[in-house]
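Next, two complexes with chain A in common: one pairs it with chain B, the other with chain C.
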Partner chain A sequence: MRKNLILILIIIMGTILIGCWSRRELDTIAIISAMGIDKSEEEGKLSVAFQIIKPSELQGAIPSGAGSASSKGVWVLTSTGYTIIDAARNATMQSDRKLFFPQNKIVVIGEELAREGITPLIDFLNRDPEPRRTSWLLIAKGKAHDIISAKHEQVNIPAEAIENMIKSSSATSMAVQVNINEFLKNLASPTSDPIACRIEMIQDHQNKNQKMRLTGASVFRKDKLVGFLDEHETRGLNWILGKVVSGIILVKSPKDENEDVALEIIRASSKIIPEISDDQIKITIEIKEEGNLAEQLPDIDLTNTKTFKELEQRKAQVIKNEVQSVLEKAQKEWGADIFGFGDAVHRKYPKEWKTLQTKWRDVFPTINVEIKVDARLRDTGLSSAPVKGR
Partner chain B sequence: MVLEKGKVSSRQGVLLLTFTVVVSTAVLTVPAITAAAAGRDGWICTLVVATVYGLLTALVIIKLWQRFPNKTIIEYSQIIAGPLGKVVGAAYILWFIHINSVVVREFGDFILTSFMPETPLIAFNIILLFLGAWATKSGLEVICRANEFIFPLFTLSIAGVFLLAMQEADFSNLLPVMENGIKPILRGSWAPMAWRGEIIVVSMLLPYVDDSDNVGKYLAYSVIIIGIILTFATVFTTAVIGELTKYLTFPFFELARCITIGRFIERVEALVLVMWVAGVTIKVATFFYIASLGTGQLLGLSDYRPVVLPLGLLLGVWSLELFESSIQSIQWLTEVFSFYAFVFELGIPLVLLIIAVLTKKGGQQKSG
Partner chain C sequence: MLEKGKISNNQFILIFVISRLMLTMAYLPYVNAPPWNQDLWISAILAFPIHILLVLPVYFLTNRFPGQSLIQSVETILGSWGKIIGALYVWFFLHRTAVILRELGEFLKAIPYPETPIIVFITATALFAAYSIYKGLETICRVAEIVAPLVLASVFLVFIMIAKDVDIYALTPVLEDGIIPVIYGGFVIAARSTLSLFLWMLKPFINEPEKIRTTVVLISFILTLHLTPTSITTIGVFGLEQAKILNFPFFHLVRMINIGSFLERIDALFIGFWVLGMCIDIAIHNYLAVLSAAQLLKLKDYRPIVVAMGTVIVSLSILQAESVVELNEFLSYKVLTWYNLFFTFALPLLLLIVAVIGKKRIDYK
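Let's look at the complex of A and B:
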């Protein structure tokens, strides 16, 4: 009986405790919330900044006013190495815990490094089971380290602030939302070129602090950074990709050319329609937009149908200009197909594509693109005309 | 001599068991293999070509079984081919053991690469084989009932991943259809065909099914349902991961990792682990069981249970020594397994059936 009991115990323990083999207790791991990769001053080395969450600082700390700014919920650890994992392991020589990647939300890569190609950096994030492919990928204009070590007034963990900034960028549609998975998908596509988020430190005039700000998008050709899009160009890109969710379009008032009228985007969609005739590729971008009157500065009554029509036309022109500006840069300056034109042609003309595929890089800049914008105004909001003072 | 005294219903033994046996490993590895050969057309391989092949295999198995309703493939191959039948039987047993050790290896490899990199492979293999041996000793009824319990867990985890991944899917990734003609599709079909053909395990179980009227129907259902599930897997991986699919070792796992809904439904890859552990346990137990039963029948033993322990040791050692690395195992699954499986799944049974028809062997009991 005793013998049997021991045998059963061994069997049960054996099956259950196997699961504890690779266990890692919470107090033995350093949870990373963001990482930034730059070139190191040493030749051929990478310098990686890890933003590590300090659990003790977060305990019961309800971010309230002044308190949150002074206490910092993270520790920034910088480490160098020839590859990312090399740097991560070297970091254990400064940290009392082993780095833990699954909670990582943000990957920032410095501009200088990104220009040399980021395939070698991304591989670790794609191969290792720890980092998640849903982490956001950002390119810092300047150094990635500055972004990682920047504070944020509202939250203790700056990585969370960056994530929220990216997620809420749909309110303006002037930034892109790209995670590692999205980036790799475009990189793996035979024709499309990837994009990534863009972030930089900007000067705050009031208290001379530097602040993080999303400032558009970064454009790649294959895996090499070729340039940046500013905020309006980024919205142009989003118009083409059909990723505009909301935002404000400023147009000049039809009644007074010096005054602005703000129009809110309620919904938008787009279609990319390729056409091949006589070996000439033509691409038509059809953009449909619907919005309403959000704010007007001059005290002019804009509510009659004629001015509404005029406003619609002006709005369409603004959208067209934004699209035109990004097309210009991507086609002429960089030759980077960030719009998925290649995929669109591929889907509609699989036969012609076979010959086009190899020379797509040469063909892409010469494509004739037509932009059709159908912009509508629906309503005026809750007031028909601004309140006039006498 | 009847080595297995238990009886199972055809729903348990044919429909549910084959489903778990095939889908458990296929869902994780097949999308990558079809994507490598056929790109975005992988779903045609799993939906059309492999289903046709599966139905053909099912037809051959059923035809043979109707001629020898109380015999397993090990037994009737001896009646049909005489002394050569013993060789065929031995080859089948070896094949069952080999496939099983590959499955055991896959099981450990997947958990190792994606969840617990520091644990030695042998730990997973021993635990899995221990469960397999236990189930085998308990007999067919227990395996089938365990599967009935696991089945909802297994299917719900897979369905959960599909449902949650819906939001990330971009189905235009599937266009254009059949861009490079039929050839890449046929090349990509070998792997899903080989997996579908694993329904051959029922040729060892059919004598113990008590409602024989439904067998044909359920086997066909099983082939079709497996086809639909695997097609979902290929369609969703292509739609969510796109061109990247062929670069990944376990696309279905990546599919689960990509899921983020709102702020709270994230990291659902544990679902994949649930599915994997539940499904593979049944698969290993089934193959373990038929290998033991077959050995018992081939050697004319009065009970198959004494061979369970030696077979278990063999499986354990083989699964560890089979491949040097996970690269080799993937390579083997892509390049060798399909053709190797084809011989045993359709090749030999078809030859046996033709000989049986020509020599008019079997079938008398049925009419009488």
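Let's look at the complex of A and C:
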């Protein structure tokens, strides 16, 4: 009797507890690697492009092989709906499988749509259990569909290429690395405005193809896109945020104003120091930078203390100009606090902040910002003087 | 005696820590309670002394009535009127088990199994709990002894792995709104714990009751040691405003882990550990409900009522709230703090006063 009971129990448990209720086998899901959201031509509708991985194309393919560029590892499916999830479900009518979001790496939003505000779009990414908050958020200058359907020569899955472009952008510090979590954090913060990556299609002159390229950053005011930063302005932003990792600064040679000298950034850091006196807010940005001489156009020996000092000064000026240009745009023109000045004031003056908070939008453009740059040049690389032809 | 088993002090620590940790890990309700700002971690530290303070009435009661559990000492104090208070406590344990069961179900339904009916998880876990109660207190505690180190170690690992993403500046300014809301926050955190009732029910089975003071302090210490980094990392990674919105902040935290792009997507593992811990949490709460009911009815053995109680708990956990929104309303600090406090602190304090006035005590043999 007892044994039978146990047996029955095991059978019941075996059928109930196997945990495969909502299981989905690999051949029944369409794995999405990237999605792009645009305004649809129909009024009030969204048009969403899903980049779906084709596992069969990837099987045994040699990624770097000559033929691989022609065979696409992905299929782009476009669907429309009133919301993202609506569009995703509508897509099932064209796809033989149900869309699967957890592997999604890239979210691209079209410029036109982003200008109208993206909070309604982001909600799905935050609420649904499938998408990850670590997906990168990009704003396309132009249409998001073009980015999603673009090919990449090196890899079969273009989304991977975009992800690697973002990750390796620290080599120039001329793009920003913003994922959904970062964006939401800044969006929800009462003080600061969010930024996102910027991507666009550029014309390749040699073979008339269009290519994807990260071209700076996109700036939001609340959840509405207000404008784009170009590459140097973006580095200006990164200087302020202390996110510059590496990069090249070009300055004119002190010996010959027509020649360029390339200086490599080795490390950089920044500090935002707010100060309130007589109801006037002043913000000092202190930037420290250290670098090496990376490349110079030949024939002039720059390696003496005097020219080194001169180079340092010129470098500091370049950094200052970059910072100035982004301040000009974001602070004066758009009034978007993407620098975290509000947070800095909040931290140092919590009491004053209580009254400042409500009028921060009006105060922010009028703040006086001082930029202090301490740029150093340390090394000359492997050679001291340039090679001279006699 | 109904329960013949004995548990060690360490087992008591582990079983309580597990039963406290699991819900905090999934829901982290404190972000939406006072102090409502980045000072939550200070509240977590302050909760340590407050927690011990809230246990004091029960501590004195258990000293006054050694060897007697909650139900028995209430009857010693109040006579047959004690049955009513005892019944209240049976209800409390019953209801708490139902709430925890429901929370387990809601979590599993929200994230890994959105299409599965919630009753599947609830019934399966209740069956597990019923089985472990049949095996007795010792078994539950031994399983806790195996699972707790696993869970604690994995939580500790999560803290280390997420550390690089924590923006420590999100915690400033410190004490923005003064110290009062922070103390209130610490009070809310401490009030959610039911340590005093665990102590009251289980002290007769602890093999070194004279060391109970150290045990209680250790428990509060471990809980603080867990909650402080949890609040720091959650607010540091998501920012305060996001942390308030997220339903399961700690789970999202685990999802954010990405080390060198090879150690990532470990959230499934986390769910595994979490379910393990939750099973023990539910088993021990269910056990307390069954044991208190058996003591109240003066049964010779509690096993016959296990299935009956289990059925009540399963139905209660489904019926108590229509939706997750309704459940959260009950679990918000405005309701649960005071509901809990009535049972864990106010009622024992009252009983203690009655016992002192009535000069009721049991002398050591």
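One rule holds for everything that comes next: the second predicted complex is superposed on the first by the 372 of 390 C-alpha atoms of A that agree within 3 Å, B and C clash if a C-alpha of one lies under 4 Å from a C-alpha of the other, contacts with A are read in each partner's own complex, and residues count from 1 in each chain.
Simple rule for what comes next: contacts are C-beta pairs under 8 Å (C-beta built on N, C-alpha and C of every residue); 3 or more make two chains touch, one makes a residue touch a chain.
Here the structure is a predicted model, which is why all the values come from computation and not from measurement.
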| item | value |
| --- | --- |
| Joint occupancy of chain A by chain B and chain C, clash or fit | clash |
| Which of chain B and chain C A:His346 touches, first, second, both or neither | both |
| Touched partner set for A:Thr380, first chain B, second chain C, both or neither | neither |
| Which of chain B and chain C A:Arg133 touches, first, second, both or neither | both |
| Partner chain(s) touched by A:Asn181 [first = chain B, second = chain C, both, neither] | both |
| Which of chain B and chain C A:Thr80 touches, first, second, both or neither | neither |
| Which superposed partner A:Gly14 touches (first chain B, second chain C, both, neither) | first |
| Interface residues of chain A shared between complexes with chain B and chain C | 21-22, 102, 126, 129, 132-134, 181, 184-185, 188-190, 346-348, 350 |
| For the chain C and chain A complex, residues of the former touching the latter | 110-116, 120, 123-124, 127, 169, 172-173, 176, 237-239, 241-242, 245, 252, 255-256, 258, 264-265 |
| Sites on chain B touched by chain A in the complex | 113-119, 123-124, 127, 130, 172, 175-176, 179, 241-244, 247, 254, 257-258, 260, 266-267 |
| Parts of chain A lying in touch with chain B, wherever the complex brings them together | 11, 14-15, 18, 21-22, 102, 126, 129, 132-134, 181, 184-185, 188-190, 346-348, 350, 353 |
| Residue numbers on chain A that touch chain C, as the complex places them | 13, 16-17, 19, 21-22, 102, 126, 129, 132-134, 181, 184-186, 188-190, 343, 346-348, 350 |
